[in-house]
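Mind looking over this structure? Questions follow.
Which chain is which? They are A, B and C, in the order written, and residues in each are numbered from 1.
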Amino acid sequence: MANWHEWAELLERVREENPLVHNITNVVVTNWTANGLLALGASPVMAYAKEEVGEMAKLAGALVLNIGTLNDKEVEAMLVAGQAANEAGVPVIFDPVGAGATRYRTETARRIAEQVKLAVIRGNAAEIANMIGEAWTIKGVDAGGGSGDRVALAKRAAEQLGAVVAITGKEDVVADGQTTYLIQNGHPLLTKVTGAGCLLTSVIGAFAAVERDAAAAAVAALVYYGVAAEQAAAKAGERGPGSFQTAFLDALAYTSVDDVKRHGRVEQR
Amino acid sequence: MANWHEWAELLERVREENPLVHNITNVVVTNWTANGLLALGASPVMAYAKEEVGEMAKLAGALVLNIGTLNDKEVEAMLVAGQAANEAGVPVIFDPVGAGATRYRTETARRIAEQVKLAVIRGNAAEIANMIGEAWTIKGVDAGGGSGDRVALAKRAAEQLGAVVAITGKEDVVADGQTTYLIQNGHPLLTKVTGAGCLLTSVIGAFAAVERDAAAAAVAALVYYGVAAEQAAAKAGERGPGSFQTAFLDALAYTSVDDVKRHGRVEQR
Amino acid sequence: MANWHEWAELLERVREENPLVHNITNVVVTNWTANGLLALGASPVMAYAKEEVGEMAKLAGALVLNIGTLNDKEVEAMLVAGQAANEAGVPVIFDPVGAGATRYRTETARRIAEQVKLAVIRGNAAEIANMIGEAWTIKGVDAGGGSGDRVALAKRAAEQLGAVVAITGKEDVVADGQTTYLIQNGHPLLTKVTGAGCLLTSVIGAFAAVERDAAAAAVAALVYYGVAAEQAAAKAGERGPGSFQTAFLDALAYTSVDDVKRHGRVEQR
């Protein structure tokens, strides 16, 4: 593996370049996603109308598609934006929220993966499994407690989908088909903040905007995000999920490359 | 009355069973509602497309319908989801936000009550009055300062609508047609947090998911919510509405059955 | 200039009259906008459906239109609401988010300005310039670092658009065609909170609801908002953008007329 300490420095590059990240995301997490990207040092934009998404996607450093509250108009806009991004060489990051929970979500997730070239797909194990037609329990939009082999799943999905796949959970797995990385940062309180996964997908977008090696961008984003969560939990975790949420936005801003290098736990498989 | 102290223990059941609550709610409060349900210990999902709401509602422990920012597509989805929930025996909780403010809201609220069997309807006095064709002042989506008899109103509405009715305000009233309960917990700072009522409706949904006696579920949810608000106000109230909001999410997580029993003020009429 | 200290007292009038502010705004900032208006002491309502926006706008003290995540249905609703407000003499405040970023936004912003009589338009320099067909760099929905003469731009825009124009940024400019005001309050952390500009537009709406001199309302709103930000930054700024956001909601509630008079920095040009 390239030394992941080098990749950790992408955080600094995000803050210097302040990339524009175009999000077509769900109505639950729009505000949280925008604030998280601002805290990181990126520049968020949300634009959903088919009349403008192609133009906006081409202006952006990365495009993030998230089907958390999908509807027919937004799916159409995602396809238009995704294809415009592909033409312009803008990396597309995909979050298949709830794939497997309803047929509409599963089919839409697969349709987007077929019609748009994706750089990174981030989801929980159930969502990723359902994208490649494998069974995995899912509860609403959260992964069930399936105990399958997540490393093997990430590899298979990366091969079949032709994209870097990040499966997040207690331990995060990033696979690009050849190499697999495990990241052991993060904190259980993240599961008490809605959109923690959705924001992470957008953070991967910010890193992918400044680094064309999508696996490097994903690993760097995940380890930064996990370390920030640990720092926030240490400051405010015992007070509860509201205080943690506020502290996490703070931590996304103050977490430094040094913090990431010192506290990151990344290994290659 | 059954001893309401027994009902207070439903809080523990929610935390053990972690019920899936499907919300079709307004764009102002989606994030807040999801975070509040997570803090409580329930599992929120938002899904709005007619292509999937029936399937999602059947998977859920409760379905919550909220017309705060209604439009024709969402109303259609609410009816589809509501009827699917009815078929599957999933309780439906309804929040008629702003009924009485515009004709569209009043008519939609009545239409939903006619076409979907509702377990609990929660609103302010003006909204509930307008649902049964009685005059009550309303200002935007907030109740005016009407001084009508809220206990009698709740009873009449419960009879006419065939559902448990919860009228919330300075004092909360729950009526199931036979019995009426008064809950005197809560805090004025709740009126400074947008969606405090909307989240409460979804919290009733979480309780109704684990207890088929809808009046018991509503009373238990209201007293828990009011006690949590009091604890949050004691911790952070003097700092302002932003700090209160954060402290309230914390309190939704740490408020215990014992806290509720100790501080709850419930009486039967 | 009228003594701006007199205008500062409009804050008290907002808190006494608690005006209803009808917002048709973007999905990123709905919750934040509602909470900010509540903290100020106004009464927010969001209503988007063409079936009801005309009725709601006529009930309101002010109507705020914001194209941050526009789509064809919402634009139609904005025009219906705007014309209803015009008929009823309700002031309309406009936020042309991202005008200049895509053709759709630029054209929609101009269309709204043509078809609705606007009392105040608030935007960054790039958005205002693009509304009157002048070039200015824009990045996503944020103003680029253009160094043009913002005072002259505000004057030209006010004349051409026939409305009070507020250009906000490091220094705020308010122009009504005759007179120009500079406000030097605020804090850089506002740029780290999504929707800081959008909420400000709605706050101008609350002030315009109690004062028909739109320039006075805009100046009073801007200086209050800037002073509140300074107080929040002094309390929580060093902790990060999450803590600042919470502290800012608190400050919107506790900032007094005296605070504004003491810390306001307003001059006439």
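Descriptive notes on the structure:
Note that in this section a residue touches a chain if its C-beta (ideal position, glycine included) is under 8 Å from a C-beta of that chain, and two chains touch if they have at least 3 such contacts.
In UniProt terms the chains read A, B, C = Hydroxyethylthiazole kinase.
The model shown is predicted, which means the values in this text are computed figures rather than measured ones.
Overlaying chain A (Hydroxyethylthiazole kinase) onto chain B (Hydroxyethylthiazole kinase) using CA atoms gives a rotation of 120 degrees, to the nearest 5.
In summary, the pair chain B (Hydroxyethylthiazole kinase) and chain C (Hydroxyethylthiazole kinase) forms a contact in which the copies contribute largely different residue numbers, shared numbers making up under half of all those used.
Spacing of chain B (Hydroxyethylthiazole kinase) relative to chain C (Hydroxyethylthiazole kinase), judged by their CA centroids, is 33 angstrom.
Touching two or more other chains at once are residues 27, 30-31, 245-246 of chain C (Hydroxyethylthiazole kinase).
Partner chain B (Hydroxyethylthiazole kinase) is touched in their complex by these residues of chain A (Hydroxyethylthiazole kinase): 26-32, 68-72, 98, 101-105, 139-142, 191-195, 239-243, 245-246.
The part of chain B (Hydroxyethylthiazole kinase) that touches chain A (Hydroxyethylthiazole kinase) in the complex is made up of residues 20, 22, 27, 30-31, 34-35, 38-39, 43-49, 51-52, 55-56, 59-60, 73, 245-254.
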